[in-house]
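Next up: the structures, one after another.
Shared between the two complexes below is chain A, which has chain B as its partner in the first and chain C in the second.
Up next is the complex of A and B:
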């Protein structure tokens, strides 16, 4: 029972990060109309930038955090014109070509990370960020600072994001575009500017996720982005593409499921079991459990 | 392999499961040859059949699924297959399989046998795809690519065609997996990663995804040219592929060889032939 509780706590932390990732991914999908498959790779890239800044500044957490957020926003904004160009070329919204474009971006990021940083070896974040001593230890259950911070910040970020989306004018503009782009244009919502805002906002989320992942995992490797990208797309499809509430539920469930499986089976098998479950759901319900919101 | 990805993309399916199929058939064939001393011909045939069966079963579920669902099923399969192989000692686990035997006994005979099989296969598959592209089924696939709803209203069975193309591409991938391993005389999990998906995708989109000739041009160029680079630059080839892919998507979305280009070439060649005949 102790193992189970410990793994559920782990799972909640991991799940909250999945939720944030899926939320950023869905925001780009709904408002900017792109499948940004490389979004998690951008997050991992920001983790690497944070690592570099931490090393250069003698582990200054503030500068590291700023670097994570700035690099993520910068990368998202730089890639925006490319996506816009591809979409213009195809006449209208084309999810497939934006997905292929983002896969290309993902290829570049992964290879640059495996060649240009730490000679391709995994990087480790300092203890100041992740924290090694447990805050609470009861039998097998130990709660690390990284887990607590990622869970708390994750909950705050998700709540903040949903508040922004459902209680503010900008949020209404985002939702209007997601619901009906032509209708939104008719009532005077600037599609291009709002689209750019969604890139910036998902960049901000990406920076926060990079910090949380660094705190939770304590390390990163070049292929981390690929693994996470795959899970994020899977969560998004299982929940129903563009379904924010569905993403919240499925993201948390996947995190908990993965952690529980990891508690009882060896590391690599746990991933396979999570993937098998994802595969079964995708094959049985290609439109997702909560329905596509596109 | 690029043709294996090209075929399902005729109906807008990026069917990355072919990479997993390569691994399954390749490892299975290598295991049979090394442990049970199966003849290579039988192992190759089994590779094709195994690929086809897996492809057909999966296609029953995703024959008419949207592209992103097909992509995610492909990636999931790759991860699952990699994990299973990683944990299976009989096929070498993380170490892989080494020392696959020479076909025909000597290395020279092995080399020539492989070249003969490969070129024979390329000609056969190329002919089949050419015939497909110029048939009613090919036109139906083009209609699905442009507008699935319109294609359905014209009487095209999207699911059946999707199943057909996915099964064929998986069959092809199965055979390619066996050949790939026996050419390099080894199997390692590092072959079957996102890198391979990236390379195949670059070949298709840079060459041109709307005609089979795009792959014919892009595959040798993209694979061969980096071999001429000094090692320092060649090690960045995935970055080069990525940049090339993005540039082509942005500047020339249909790739270098478009159906219009093929049509113009065919017209030009037939005119020259006519002129020569009149002279």
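Up next is the complex of A and C:
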């Protein structure tokens, strides 16, 4: 029971990270109309930048956090013109060309990380980020401040983002473009500028995710982005591509499921389980549990 | 000499609110509009009559800023707006109620209305109150998802959304399309009411009879060219129009 409770808490923090990742991915899919498969890899790149800044500044958490957010927004905005350049059609999702470009970006990031940082060895984040002493001990399991804070920040970020999406002018424009880009254009919503806003916003989300991942995992490796990217793709397909509310539910569930599996089985099973679920869902409901929203 | 030239005497020249001259638009090799010219004056209801594919939608969408014209000029209040982006035109006072309403079905009525105010953030509450005054049904259904509205309610929503941008010129593309005859009458009554309230209306319609009874003037479009124009009464009595569009 203790293991279960601890793993549910863990799972919620992991799940809220999945939710943020899937949301950023879906936002780019719906508003910028690109399939950014490598979005999680950009996030991991920001983790590395954060790590470098933390080392250079003697573990200044404030500067590290700023570096995470700034670098993530920067990379997203820089990739925007590339995506716009390869896209043949602006009015609908150009799956082929944007996915190829995105995978290319992902491979480059993985290679740069494995050659350019820490000789390719996994990096460890300082204890200041995840906290040294457990704030809660349940039997053999201890809960670190990093886990709790990433859970809290994750929940705040998810609710803040959904509030923005459903209660603000920018969010309305995002949803309008997501539903009907052409109709949005006829109402006078600028597709290109709003698309850029979605790159910036998913960049901001990415920065927050980078910090949460760093606090939760305490380390990162060059192939982390790819692993997470697979998981995010699985979540978005299980929920239904572009389905934001579905991503919220499935992201949280997968996080909890994964943590529980890790608590009772070997951690390496969690990937396989996510993909088995994905295959079952695709066979039973090709449009995902909550339906594709494209 | 353009009527808005500084040299023209005040009070003598009447400047058109929307003046389209020799407008040609093509989609690839298809010439959708060929040297079409129309004028809409403040306070008018003007109707474009024409069959499917005559270029009505192209004309309205080009005036809105969706397409870049090959040749010709579009002036709004005397200023050239050829190639100006849609959001700037909306801010300047032009808006379009699209063919098939273009309502966002997954969003609620209030969100749909607020989308109309995306580019004009001033006095949003005032505009919203006015829209609710004119269309109480929208107030009643404001939290309802637009998908659940009837065809006529959707058309009202689309018109209400257009009003949220505080326009001077409302372009309405095929408002009667797919609506029951009794609802069509309601919609035309709404357009007349809005016109009395001071809005200028440019309408495109296949339902020529009802549209001409509602409008002051009209233009007949055939394969991208204006073939006939005149007062609504003249067009109603024109033998060619009667044969081609009124089924008489």
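Please note the rule applied: the second predicted complex is superposed on the first by the 284 of 294 C-alpha atoms of A that agree within 3 Å, B and C clash if a C-alpha of one lies under 4 Å from a C-alpha of the other, contacts with A are read in each partner's own complex, and residues count from 1 in each chain.
Going forward, contacts are C-beta pairs under 8 Å (C-beta built on N, C-alpha and C of every residue); 3 or more make two chains touch, one makes a residue touch a chain.
Note that the structure is a prediction, hence the values are computed from the model and not measured.
By the touch criterion defined above, A:86 reaches chain B but does not reach chain C.
Legend: residue contacts after superposition of the two complexes on their common chain; A:189 is shown touching chain C, with no touch to chain B. Touched residues of chain A, counted separately for chain B and chain C, are more numerous for B. Residue contacts after overlaying the shared chain place A:162 against neither chain B nor chain C. Applying the stated contact rule after C-alpha superposition, one finds that A:283 touches chain B and leaves chain C untouched. In the superposition on chain A, A:4 contacts neither chain B nor chain C.
Contacts of A:175 after superposition: chain C is touched, whereas chain B is not reached.
Shared contact residues on chain A (touching chain B in one structure, chain C in the other): none found.
Partner chain C is touched in their complex by these residues of chain A: 169, 172-173, 175-176, 179-180, 183-190, 293. Looking at the complex, you find that chain A touches chain B at residues 35, 82, 85-86, 89-90, 95-97, 99-101, 103-108, 110-112, 115, 223, 226-227, 230, 233-234, 237, 241, 266, 268-269, 271-272, 275-276, 278-279, 282-284, 286. Partner chain A is touched in their complex by these residues of chain B: 12, 14, 58, 61-62, 65-69, 71-73, 75-77, 79-80, 83-84, 86-87, 194-195, 197-198, 201-202, 205, 235-236, 238-239, 241-243, 245-246, 249-250, 253.
Chain C makes touch with chain A in their complex at residues 61, 64, 66, 85-87, 89-91, 95-96, 98, 102, 104-107, 111, 114-116, 118-119, 121, 161, 165.
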